[in-house]
Amino acid sequence: MNQPVRVTIWNEYRHELKNPAVREVYPDGIHQAIGSALPEHHTVTYALLDQEQHGLTEERLQETDVLLWWGHTAHGEVQEEIVERVYQRVLQGMGLIVLHSGHFSKIFKKLMGTSCDLKWRDVGEKERLWVVQPGHPIVRGIGEYIELPKEEMYGEHFDIPAPDELVFTSWFEGGEVFRSGCCWTRGKGRIFYFRPGHETFPTYYNTDVQRVIANAVDWAAPVGTAAPAYGNAKPLEELTI
Amino acid sequence: MNQPVRVTIWNEYRHELKNPAVREVYPDGIHQAIGSALPEHHTVTYALLDQEQHGLTEERLQETDVLLWWGHTAHGEVQEEIVERVYQRVLQGMGLIVLHSGHFSKIFKKLMGTSCDLKWRDVGEKERLWVVQPGHPIVRGIGEYIELPKEEMYGEHFDIPAPDELVFTSWFEGGEVFRSGCCWTRGKGRIFYFRPGHETFPTYYNTDVQRVIANAVDWAAPVGTAAPAYGNAKPLEELTI
Amino acid sequence: MNQPVRVTIWNEYRHELKNPAVREVYPDGIHQAIGSALPEHHTVTYALLDQEQHGLTEERLQETDVLLWWGHTAHGEVQEEIVERVYQRVLQGMGLIVLHSGHFSKIFKKLMGTSCDLKWRDVGEKERLWVVQPGHPIVRGIGEYIELPKEEMYGEHFDIPAPDELVFTSWFEGGEVFRSGCCWTRGKGRIFYFRPGHETFPTYYNTDVQRVIANAVDWAAPVGTAAPAYGNAKPLEELTI
Amino acid sequence: MNQPVRVTIWNEYRHELKNPAVREVYPDGIHQAIGSALPEHHTVTYALLDQEQHGLTEERLQETDVLLWWGHTAHGEVQEEIVERVYQRVLQGMGLIVLHSGHFSKIFKKLMGTSCDLKWRDVGEKERLWVVQPGHPIVRGIGEYIELPKEEMYGEHFDIPAPDELVFTSWFEGGEVFRSGCCWTRGKGRIFYFRPGHETFPTYYNTDVQRVIANAVDWAAPVGTAAPAYGNAKPLEELTI
């Protein structure tokens, strides 16, 4: 019964190639692990940093309803021109789902207008993501919380604009909390930041994490609304000037 | 492709019976005018003030995904018990769409926690509802604004909590503005207030108004998320006390 | 350099009289512990449940800029008439600071429009309140977090409307999180909910907790803005009807 | 009784020098008209585009609590380095008040993460700014609305992130509305956008406009809160890994 959605999953795809420990967890890349778990009504394409134009040509983006973004070690290699292209598409209505270390990507920082900085600790501790907005479409099929036995910690303060909707808040074994599922609208585009997904842990095989991502794709898909007109405008009423 | 939604349209249904001028505009009642325009995937039932339990039995509400509310002259006659019943269903996830003079209904005031007061003037002046969140699902298929040649004026200050999402803002010929399309979540339930719809004007035959109501029904429909557990809770982690 | 503020601290004052363990911690009542710690520019008055009109006469409320509310065991004994009186004063601009178990008070539930329900556990575990909006006036003088060695746990889901501003989020030793410092506006009045303060723990002697309460009083104090006019309104522009 | 605030007013200062019609309205520049009207507890400094470093040296910004920004015709001439410097200061807590055509300044677009585009018409029509949050400190001393007999029109859709607080909404004679007083927080800094102030009209001599700007300066002034620590963090609790 769901509307079809054209999804592009962008992955930096470096850790998997360079680090055997990561390759063991994600032999075909994080992008494949995420894409394979999406439901049938999602048509999935992959785009990678080391492809021409990072795989994000104008045509590819025009045919994308929702873009997923996983990056970490090579944020600086993403060309400004491509960042600008993605940015324009978001304002025009393309959904964007930023995953884990994508918090420091150029595109996320540009859309947020803040540093997007945070605390972190990579020792593999327990994370529990609590649902704080239980009626939200992004938590369809999820219980009161998602528990991940081993994850990287991200802790507050997370330097983001106050989310339009806060869906998840994480508890970490080491004593921190984090706003781990956050929604914003920029232009006509919907953005969801979802915290978990460190490259050395099998987080993207967790069925709850997969369900949240699938729900977020449906939530972020554009709804076919009109584009506003900007610039000089004639009066709609007679002026008495 | 849309999910089926069970809609109950509640109408006070007094103006139509007592006032020939209103009956001429809405011969079968405002509820019928609204219900007839809903799309096929909406299953519509009507409930009226003068029915037993105002037509809102426990069974009826359990079988309602989204409730629409039109009332004006008889807010005081709605029994507290029924208000409480609707309130509980909203917190459990039923969507609620409050129309026009429903701003002063008991159920809306109870859910808002404010007076819901406003300015008004009933002379039949021009209203133009501007879209201020153009990517929102409630404005699918709507242009930059909706123009209504004759409506009652509602003006700021509208004493409501700041909306979670502001979708429409109205311009009135007489010089006022109004936040005329507002979204909130209460418990698991989604609420949309939509301003237009005075009983003496054919507003509910306007195809844009009809489309907004249909969109709002889809937006407010519950998404099948888990109910939170409340009360005493055992620890999830070992305590060192 | 601060503006003088007239503060009324309302306390149920039952635990302290009936339970020796509580009396030992707060021999003069929770209200006195809170009031004694407020700065010089706050003029403090106390009001108690068992006083006539619960100490909240019309005159007392008219002379109150900010009302603090601590209640727990006797929410049901607060008369509807007094709740309505406090409610009207909040809409008119009086600040309201609701403490700890006051989440279930009649006045808070009426202003929120939700059940205000939550998870709880009273074993005296560690709470760490993280600042999530570090530039907010309510956290002036506070570090990155406040740590309380023993507190009652309150856990999500907390059934409140999404706060206009979220200032604190708590981590609990037993595995839960909680939105523990939340701001709303209702009418002209500012409301702050602050979670800690169980009667069996010396939380109100913690200097950070005291500072947050003092800051919240300054933040919630009315600013002398105009009262909106409601009801029938003449047009400000010539109508062409 | 107010806290002293160090204000820097930045002005492009081109229209006044080149256009006799503007010079007649603002013979000493828009910045002087604004600065002269600020109250005694505001210490005012001016900074101009054509000064070295646009008058915004690191030292000047470090000694600025709140920066006002008026620009229009020369947004493109503002150096990226200075934009970055102002941006960092806002995240650290400096208040920023963006006036009128400053909506298209580099600094505002960078902080918003959107195009900040809008409709406009420069014929000198009537604007009425309605207060939609009547208890807000920015409207202290203001009535229900501010009326300006001749202003440039700005109309929705205004492509900004949903404001954290919406204080004013404008009605325009020609049929448009506009969110004309908007608050956001970015990092520790508070931002206020205030719409009126076209260079050919004497808007900055209007006492209500002056009062709003003065109130906004007080509201945006930093409150001396702690700077969060970012980066790698040791656990606060013993880990069981």
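Labels A, B, C and D are assigned to the chains in the order they are written; within every chain, residues are numbered from 1.
Convention: a contact is a pair of C-beta atoms (placed from the backbone, for glycine too) under 8 Å apart; a residue touches a chain by one contact, two chains touch by 3 or more.
Nothing here was measured: the structure is a model prediction, and the numbers come from that model.
For the pair subunit A and subunit B, chains touching both partners: C, D.
Look at the contact of subunit B with subunit D and you find the same residues on each copy: over half of the numbers used there are shared.
Centres computed as Cα averages put subunit C at a distance of 32 Å from subunit D. Averaged C-alpha coordinates give centres for subunit A and subunit C that are 36 Å from one another.
Residue positions of subunit D with contacts to 2 or more other chains are 128, 131, 133-134, 144, 155-157, 162, 164-165, 173, 175-176, 185, 187, 228-229, 236-237. Taken in their complex, subunit D has these residues touching subunit B: 128, 130-134, 144, 155-158, 162, 165-166, 169-172, 175-177, 179. Those residues of subunit C lying in contact with subunit B across their complex are 91, 110-115, 117-121, 123-125, 150, 153, 155-157, 159, 161-162, 164, 173-176, 184-187, 228-237, 239-241. Taken in their complex, subunit C has these residues touching subunit D: 1-3, 93, 128, 131, 133-137, 139-144, 164-165, 173, 185, 187-190, 222-229, 236-237.
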